[in-house]
Structure formats: C-alpha cells, structure tokens
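Take a look at the structure below.
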Amino acid sequence: MATITYREAVVRALAEEMDRDSDVIFFGEDVGKAGGVFKVTPGLYERFGPARVRDTPISENAIVGAGVGAAVTGLRPVIELMFADFAAVTLDQIVNQAAKMRYMSGGQIKVPLTIRAAQGGGAGFASQHSQCCETWFMHAPGLKVVVPSNPADVLGLLKSAIRDDNPVVFLEHKVQYTEKGEVPDHTEHVVPLGVANIVRRGDAVTIVATQRMIGVAQQAADELSGEGITCEIIDPRTLVPLDMATIIRSVQKTGHLVTVEEAVHAGGWGSEVATRVTDEAIWSLEGPVVRVTLGAGIIPFSEPLEHHLIPHKARVIAAVKRTLAV
Amino acid sequence: MSEPLSAAMRQQMLQRMIEIREIEGRIQELFLENVIRGTTHLCDGQEAVSVGMAAVVDAAHGDTVTCTYRGHGHALALGLTMRSMVAEMMGKVSGCCKGKGGSMHLTDMPNGLIGTFAVVGAGLPVTNGAALTAQTKGTGALALGIFGDGTPNIGAWHEAVNLAAVWKLPSIFLCENNLYGEYSPYADTAPVENVADRACAYGIPGVIVDGQDAEAVYAAVKTAADRARAGDGPTLIEAKTYRYRGHSRTDPAAYRPEGELDAWLQRDPINILAARMIADGQITQAAVDGLKAQAATDAQAAIDWALAQPHPPLDAVHEDIWV
Amino acid sequence: MATITYREAVVRALAEEMDRDSDVIFFGEDVGKAGGVFKVTPGLYERFGPARVRDTPISENAIVGAGVGAAVTGLRPVIELMFADFAAVTLDQIVNQAAKMRYMSGGQIKVPLTIRAAQGGGAGFASQHSQCCETWFMHAPGLKVVVPSNPADVLGLLKSAIRDDNPVVFLEHKVQYTEKGEVPDHTEHVVPLGVANIVRRGDAVTIVATQRMIGVAQQAADELSGEGITCEIIDPRTLVPLDMATIIRSVQKTGHLVTVEEAVHAGGWGSEVATRVTDEAIWSLEGPVVRVTLGAGIIPFSEPLEHHLIPHKARVIAAVKRTLAV
Amino acid sequence: MSEPLSAAMRQQMLQRMIEIREIEGRIQELFLENVIRGTTHLCDGQEAVSVGMAAVVDAAHGDTVTCTYRGHGHALALGLTMRSMVAEMMGKVSGCCKGKGGSMHLTDMPNGLIGTFAVVGAGLPVTNGAALTAQTKGTGALALGIFGDGTPNIGAWHEAVNLAAVWKLPSIFLCENNLYGEYSPYADTAPVENVADRACAYGIPGVIVDGQDAEAVYAAVKTAADRARAGDGPTLIEAKTYRYRGHSRTDPAAYRPEGELDAWLQRDPINILAARMIADGQITQAAVDGLKAQAATDAQAAIDWALAQPHPPLDAVHEDIWV
C-alpha cells in the first residue's frame, strides 16, 4: 500500500490504462505539455507522446465530439473538460450525441469515451467554476456518472470508466485533489461501477453522501456519536448506475434517511435517492427524508457566504435530528 | 471538371441517383399517407452530391461519413439498402436502426455511415473524431462530414473546422449549399457570399463545385481525399445545389422566388449525367428509362417488404441504451 | 370567451405584449417571415416590423446571448429556441449566464428575458426532438420555468413571463399546439407565475401532472372513478416557482401522491415534488409516492415503442393502485 | 497611429495605466498572502488596451463593455474605483458586486461594464445584445466585447461575430492577443497567423494594432466606433500585447521562451506613453514618478479601506437570485 493524493490517483489510473491499452488516448485544454491546470496529469505527454496526449484549442464542442467520433471508430479516448461547469457549452455533444448514439443506431455503435472534469465548490472560484453538475448527466440515460471520494476510488473507478464501453462522465472534486489515501501497489486495482461503499456503520440513520460531503458527514457523525446517535454513511461512488440495494438495506435497518449533496436542491441526486427510497421502502421510514443541499442557491465568491451555502457539519446534524425528531 | 470517369462508374452513379430520386418521391407519398410519421427531409435535386461523395468513400478501409437529417440520399449512395432504410422510417424492427432512429437518425456502420445528425452542426465534431482515429492509428482513412449552407453559422461547425485545421486531420467538410436553411435564404443569415469563403479563417482550401454535376463533385472530393490521406489536412468544399421540395414534411416552399425551381430543374443532376453519357455513347435514352422503371419496381418492392415487417417488441424500448 | 388553440394563444400573448410595451422584441430561427416552424408566430413580422421581429442565423448561443444582453440594457426580449432539445447547444448562456448574472452582479442587473421552446414527445420526432427538458432549467436558480397545459394558461402565463423581470424559460408542448380551449376576450388575462391549478377534485389520491400528462391523468381518473376512486389532479403550471402549498394541502387530504411526467426519472421534476412532500408532510402519506416517468428511457422513433415509453393511462392507473394498495 | 491625443487625455491614460499596474501588483501580493482567495488573472503589460478602449467608451450615452476574467484593468479604466474592486476581491459587502462575484465577475453598470465573463467566449453574444438594444432604440450607442487570443477557437465567439456581421450591429470585437491562452502559445491552437485574419469569414474589417501603444489602440477603437455608430456594423480589432505574469494565480509561466518577457518589457505601455509625453514636453520624469507614488498611496488606501469593510451578512447568500 502506498499513500498518494486524489490528484496522483488520476494520473496513475491514466498512465496504467494507457500502458495497458494503446487505444487509450487523452486530450483536452493544456492537459499535455503543461500537465493540466490543476496539475493533475503531468508526465503523460512526455511518456506517451504527442499522438496519444494532445493539447486542444478552447473548443469544448470539438473536444467532446472528437472523443465521440474516436470512440465510435475504435479508440478509447479520455478527454478533460477542466471545470465541469464548462460542460454547459457542449451539453449537446454529451447528452444528445454521446449518450444517445448507441440507442439511435439500434445498438450498432458503442461509445467507450471517458469525460473527466473537476467540479465542486469551497475554493473561492465563484459561481461559474464551483458547481457540482451530476444532474445534467444523470438525467441523460446512456451515460454513466462517477463521483469518486478518495484516492483509492479515483484510481479504481477511473480504470473501470476507461475500460467501460459506455460514455462515462468522471467528476473529480477539485478541493479533494490534495487529499491523501492508501492505494494498492499493483496495477489491477479496479473498482466496479455501481457498487456503493459503506463508509461507516451505524444504526440510527442512513446518510448518503458523495465526495467532499463524505467528510462533512463524518464530522457530523463523530459529533452525533457523542450523543449516542450512530450514523451509517454510504458513498454510492457512482450515480449511474446507482446501487439502491445497498441504500435500501441500510434504510431498512435505520429507518431514517438523510442525503448530503453539494448541488442545487431541485433535480439533485439526493431527490433521486430519496424518491427511490420512498417509493420502494416507504414502510421502513420512521421519519421524513431530509436532503441537505445548496437549496436554491448560487455559489457566491465571498468566503463566509460560500461556506454558509455549502452543506457543513451543523446542517447535517440538524437534518439528522430532524428526521429522528430529537 | 477533370478527366471523365469510367463508364462503369458513371453508370453506377446514374443508377443510384435515379434510385434516390424514386424513393424520395415514394417517401413523400408515404408520409402524406401517414405511413411514415414524424418528419422527413428529402434531397431530390441534390443527388449528385450524394453519389459524387460516395464514389470516393472507401468504407472497407475505414473511411467514414456523418451527414445531416437530409441524409437518405447519402445513406443509399454509401450502400444502405432501400429496404433497410424504408423499414427504419416505418419504425420497423428490420430497419437499419431497429426502428429507433427513424428518418433523421440513420446509422449504417458497415457502409461507413456513423450517423445522419439531427442537431445542426453536431456531426462535424464527431467526424473529426473518426479522422483522429485514422490519424492516430495511421490507417490512411478519411472522415467526411456533410452539412447545409445554414450550418456554418453554428459554433460546433466552427470549432470542428478549426480543430481539423490545427491538427491537420484527414477530415473533409462538404457543404450542400441548397440556397436555404429551413425557410431562410442563405444571404439573409450569412455575411459572406459563399460558404467556401470561410476557409480563409482556417488556412485551409475552400473549393466551390457544381453540385449538380456528379463527376465534378467526385473530382473535388477526390482531391480533398488525396490531400487528407497524404496528411495535409482538411478541405472545405461547397457544392452549389438545390432542393426541389420544401425543407421538411409538408413545407410548400412558398418563400422561393417564382421561376427559381424551374431554372434549377434545367440543371437536373440525373439529366446532366445521363445526357453526357448518351453523348459519349455510353448509354441510350431507352436504357435510362429502363433504370427508372427498375428503380420504381425496386422502390415498390422495398416498401412492400418494409410494410410487412413487424414493429420491434415493446421491451426493445429499454434495450441498446447501455452496452 | 373565445375558443382558440394552444398555438394561437402563443401568438396572441406575444402580440398583446408587443402592443402594450415597445420594449418587447422577438427573435429566433424562422420565427418572422415564415411565422415559425410550428407556425406558431405568424403575422408578428408583418405587424411589428423587421426591427422588433427578427429571423436569426442558426446560432443558438448568439441568440440567447443577444437576448441576455438586450434584456440587461433595457429591452424585454422574447426568443425562440424552436425545439427545447436545442437548449443543450447553449446551456451555458441559459444556466451560467442568464440565470446567474443578477446574483454575480450583486443585484445590479436584471434579465427580463423570455426563452420559448417547444418540448415533448409523441409525434415521432425521435430522440433529439422530443425531450421534456425542465430539469436543466429547474436545476439553475435564477430562472423561472413555465409549463402551460392549455390555451388559457399559455396566454396568461406567457404574458406574465414577458412582464417578469427574471429570465423565464417558457416550454410549450408541441403535441398540444392544436388543442383548443376557452380564453377571455380582454387583453389583460394574466396568470401569475407560481400558482397551481386544481384541475379536478378528488379524495383518494393526489396526481400532479403537467402539460400533455394532464390529459393522461384525466383519462386515468375517469376510469378510476368508475371503481369509486376519485383523483385530485393538480397542474403546477410553473415548476419554478413551485406551488408546494397547494400540493401539500391536497396530499394532506388524500394521503397519496402520484406524479406523472414526460421526462427521465433521475432528476425529473417529479422527484422534486415527491421529496418535498416526503420531507414536509411525510406523516400525511398513507402509501408510497409513485412517480410515472420515462424511467431511464430514450425516446425511440418507432410508434408503438414511443407510445409505450411515454406515460399513458394504464401506467397512471397502475401507479394509483400501487399507492392505494388496491 | 493617427493624430496625437490631447495632453489631458494622454495624462489621464498614463495615470490610469500606472494605477492599474500598481494595483495588480498589490493584488498578486494579497493573493499570495491569502487575503484574496480563489483565483486572479492579472493584466500587467496589457494596460494600453484598457485605457485606449475606455477612452472611446461613453457609458453616459449607453455604450457598454463585456470582457473576460482578466478584467481588472478594463474595469478600472472604465471608472470602477480601486476600493470597490479590491473590496469585491476580498468578498466584502462594499465590493461592486457585494462580494458575490469576486475577481472573475466584476459588474459596474454605472460605468457601462456589464460583466467580466469567466466562461471563455460567453461575453460576446451578450455584447451583441447590448448592441441590439442600441440598434433597436436608435440610441447611437455601441457595445464592445474584449477577449483573448485563445477565444476565437470557441463556438460562441464565432456565432457572435457572425450575428453582428449579419445584423450590422454596433458591436466591436477587441482581441487582446497576449500570445498565450493559458499555457498554450497562440500558434499551437490556431490555424491562422493573426486573429484579425479571421475577419474575412465575416466580411468585416479586421484590424491589427500595437497593443502597447494606448494611442494606437484608441485610434483603432475610435475608427471602429465611428463605423458602428454610423450603422456600418462591427469591426474585429486585434491588439498585439503581452501579459507580464502567468495566466493566473501562481503560474510561473515557465512555458515562455527565454528572453521573451525581457523583449516585451522593452515595449512597456506605460514607458511608451510616458516617453512620448516627455518628448512632447507634456510631462516630466519627476511627474511620472509622482504619479507612481500617488498610485501606490491610493492602492494602499484602497486596500486598507477594503480590509476594514465587513463581509456580507450570511443571509445575503440567498438574496439577488430572483428579482
């Protein structure tokens, strides 16, 4: 086991898969010579050369489209959109083309494309560089959506994403790039898409959280355990496919569900988890399902405002207490 | 036009144009009879672009094509069968896309057709991706993207042509300038006289060709193909052509000035090639008429066949989404 | 009272507001001389002239951006995106710019822009011309989202949208264009944004539906009434703002909630309605909340498949029976 | 360069450039000290573009500007106060956007600044909208959009320039070609030598100007402004300039060839204008030094003031979303 950062896990997964399969190529804005604006992909250009690692113009439609076309014709491209917010300039290529081409073609085509992007707030990047954008992609069947929360999952899930024959949107949380964690030393650490991780065991309430919100949930759980309330924390790891079985089993045990997400309330993944539970397991619920989200918020620049808006420990504790009615 | 093509190639182009003309007419009828639903975008008048282009594309060696929803002619020219296409438009399971795509979404990978894209401009970035595969793997294949005269106004078009130029991709951008984007005349929505004039912004060749002359289209695409395969990058080709019908469905095309259609009918692509072949002693008028009669028979057979095909089973609606 | 079509209500609202306020302008692809591809806006070009009614190039980014810039500087533009699916090529201008500009500017700016688009399936337009796209917009605070279901609401809500000082996304259901309904004769029929309409009264179950799904819900309710089950059908009319008070009052009475929407399950508006109810009124629920949606579906071309995928009477009846456990 | 500007105008341009240079340096320090968080994109070296442009813009008569996240210089040149800007970058309630925008999102409507757009290309369609208001209302106002050399590669740029050309909008598209888009040299991502070369695709004038010479920038923008106000449509202007620092934050700009920065420092916009004014007897070196000292004092005062301002109340996070 080595300890590496979330950031290092990205480049390791890329390098391992590019080593393993010469059809894997990688391109995006300043990802090559400069190693990425978040310094996530250094060394790949030097190692795999200018044909397989390319810097692009600022042309997100052309980038995603090139990924789609290359994937359809036999490569296995990984592309980077830098900030996930920029997916909005090329959403058509992602949700209308990449996601639907297999279906529209009656299964003639497959699109083994991985789209990486950095999302998430907390770093003072203001409203257009801080969003969590899972909803855009979850709402488009045909895509898979991956939201890794730690270095081992980044490594194992990105490798799975690259090997997957579907278009996969792989969302990295930019504030987590410096977080460290242990990863196996061998080159076959593959985490399957669609299997949730039970991060913490508990009986009183099920908390479903992703990425940076896992840490927030942990803080809340630590404090609540002092009051004798034990929380079960589940990290779905991938939002499509979504491992509802694990979540429902947990809710059947705890009787209470809180979701913690760093996205806007309406349409967020929390509502999907919550409604699936209320549909499939309502009789297990012993209290309201409470979502902790950005509400109808836009991410502000100002530090105290940003920290106030993004779910934090106190809000998670309040949510847990509300569902438990304590 | 450079040197004339072989009699056999001419014959094939002529026959295919006749088939396209015939089936488009039948599709329009079927649409009006509600046998084909949704919408259709027919290409009568533009057949020379389809067959000129297709004569260059070598799917067996990895060449690929993307085009627009106005794609029936291109699909047939590349080799899709009438049966498979008509069944697709009827939503039948035997259609090339199992009935899931319909008129606007034809894919035929064995013949190199990645798709007929229904969002304006969306096919061109994808064309570059196919060209990227060819470049990365060194296959010598090319990727050809077809679009209309209204399309250069959209961002995806610009980004695609630009990226192909910067990366010297083996892409060919082939415009069918049929004078209108939906109901808007070209000049109302574009700031330059010719689509090809835009090539200057990308440092690539911009070529104008008579879109009613299949051999001229072939020659222009062939030159671009040689360039692409040699690693010299993309070419923008503008074929001046005309659609005889309205934009889609039941559009009567009332926005067209009096006499315009008649003038273009004088330069019909089928007649142009047929006359040239007759003059060169390669075919007789009777043989041309025979091709037309055969196309009508084939079209009817394809339609009858497609009508008899079943719809997909209802469960199929949830298949083919993920691999 | 006159009887007009859904389509005619659009052009009437536009004409009345353009008459009333010279700052209202209208542009989009083929909306002027040709009167729109759905023939929704004939006569405006002739009546208000080429300065106020403009045909544009096929440039959705430029169209929306021009709307934003014009709105910010004193006009009150209405723009058309034709098929709502095309919003994906310009989502950035809608959700990152129009929606956020007021916030980012600390309230200096307002964006009185109305974006019209035709959405919805059932007409054989296949996967890229048939989607219901509300989720993209609901997930972007700063926007309002309107989904009219009948001619009177089209008229009254579009007038409200144009008069509203926020960016409003006004989604017309293309299959409803030919539906008829009564509208008042005077020119001040204004329906406020954020007030739901109780379409049908009932005691057994609350059905929330929009646009074409109201008709489907009505069919189901007719049949169920034969079995002694009376349904209350609520049309929220606008998804942002969302009149939860009316919905919750109804659920408190019926104890059961079914949502019927023509969109993909994950992230759809149904999940927002459902989770708000389970959060705010869980103790009123006497059965699971059941959503009727497209599931994880992509709209196929083939007629029987399309009709199978889009919610229809039998599926609504099944949903009602499931929540009622009958 | 056309005829020289008045001494008073030159003086104002010089002073404003000195102020911009001073505050950008201080902002970088504050960023490194963590007093300013997030990111910053500084414009040292590009000040002549800001002041040359701003000297043409007449906000009182409705002229408006959009620019990029590299917008501090433009905002100050247009009239935003140092205080208001620095407070904004510190997230204080007294900032021009109440702390909600930050360095990348400055809006200052009283001075005509609609916004400093953080998504590449996104400001230019909006600029057209402001131009459309001017055209529709016949106000004679213009709308000016500023962007970098990497921006013409994105679709929104293309659509905006194209629409302005088709509608003959009073828009001005002003490129700051500072040789790099992030870490990529211009030539690596663009197929033509100059950004201005792209004007041919839109049938509009494409003008190259020395971006280190404030008076030359002024003259080029003025010509474009006259054209716009006369109803003759948009102009594309490319100002050749250079950013002294890295792209953002702590970028050391290691990708720049040896000596490049030094060469550009020889053509410093402040020095160029100051030397010209000294030569023309309009200012002394001592007075220039005095301006610099004053700017330093003013910057310090603005920073001290901003530091003393409160953050917004927490409830403010949910205000200003809907009207």
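For reference, chains read A, B, C and D in written order, and residue numbers begin at 1 within each chain.
Note that a residue touches a chain if its C-beta (ideal position, glycine included) is under 8 Å from a C-beta of that chain, and two chains touch if they have at least 3 such contacts.
Quick caveat: nothing in here was measured; it's all calculated off a predicted structure.
*Asks:* Where are there more C-beta contacts: A-D or A-B?
*Replies:* The greater number of contacts lies at A-B.
*Asks:* Based on the averaged CA atom positions, which chain is farthest from subunit B?
*Replies:* Here the answer is chain D, farthest from subunit B.
*Asks:* Measuring from the mean C-alpha position of subunit A to the mean C-alpha position of subunit C, what distance in angstrom results?
*Replies:* 30
*Asks:* How many angstrom lie between the centres of subunit A and subunit D, each centre taken as the mean Cα position?
*Replies:* 36
*Asks:* List the centre-to-centre spacing of subunit B and subunit D in whole Å, with centres computed as mean CA coordinates.
*Replies:* 46
*Asks:* Just curious, how far off is subunit B from subunit A if you go by their C-alpha centres, in Å?
*Replies:* One centre to the other, that is 40 Å.
*Asks:* Can you tell me which residues of subunit D touch two or more of the remaining chains?
*Replies:* Counting only residues that touch two or more other chains, subunit D contributes 97-101, 105, 119, 122, 153-156, 159, 162-163, 166, 188-190, 321.
*Asks:* Among all residues of subunit C, which ones touch two or more of the remaining chains?
*Replies:* If we look for residues of subunit C contacting two or more partner chains, we find 56-57, 59-61, 85-86, 88-89, 92, 96, 103-104, 126-128, 141-142, 296-298, 300.
*Asks:* Write out the stretch or stretches of subunit C touching subunit D in their complex.
*Replies:* Against subunit D, the touching part of subunit C is residues 25, 51-52, 54, 56-57, 59-75, 77, 92-93, 96-97, 101-110, 141-142, 144, 164-166.
*Asks:* Please output the residues of subunit D touching subunit B within their complex, sorted ascending.
*Replies:* 153-156, 158-159, 162-163, 165-166, 188-192, 197-198, 200-204
*Asks:* Which bits of subunit B are touching subunit C when the two form their complex?
*Replies:* Its residues touching subunit C are 37-39, 88, 91-92, 97-105, 118-122, 150-151, 153-156, 181-184, 188-190, 255, 311-312, 314, 316-318, 321.
*Asks:* In the complex of these two chains, what residues of subunit C are touching subunit B?
*Replies:* Per the touch definition, subunit C meets subunit B at residues 29-30, 33-34, 37, 55-61, 85-86, 88-89, 123-129, 295-298, 300-305, 308-309.
*Asks:* List the residues on subunit D that touch subunit C in their complex, please.
*Replies:* Where subunit D meets subunit C, its residues are 62, 64, 66, 95-101, 105, 107-109, 114-115, 117, 119, 122, 124-137, 143, 155-156, 159-160, 162-163, 166-167, 319-323.
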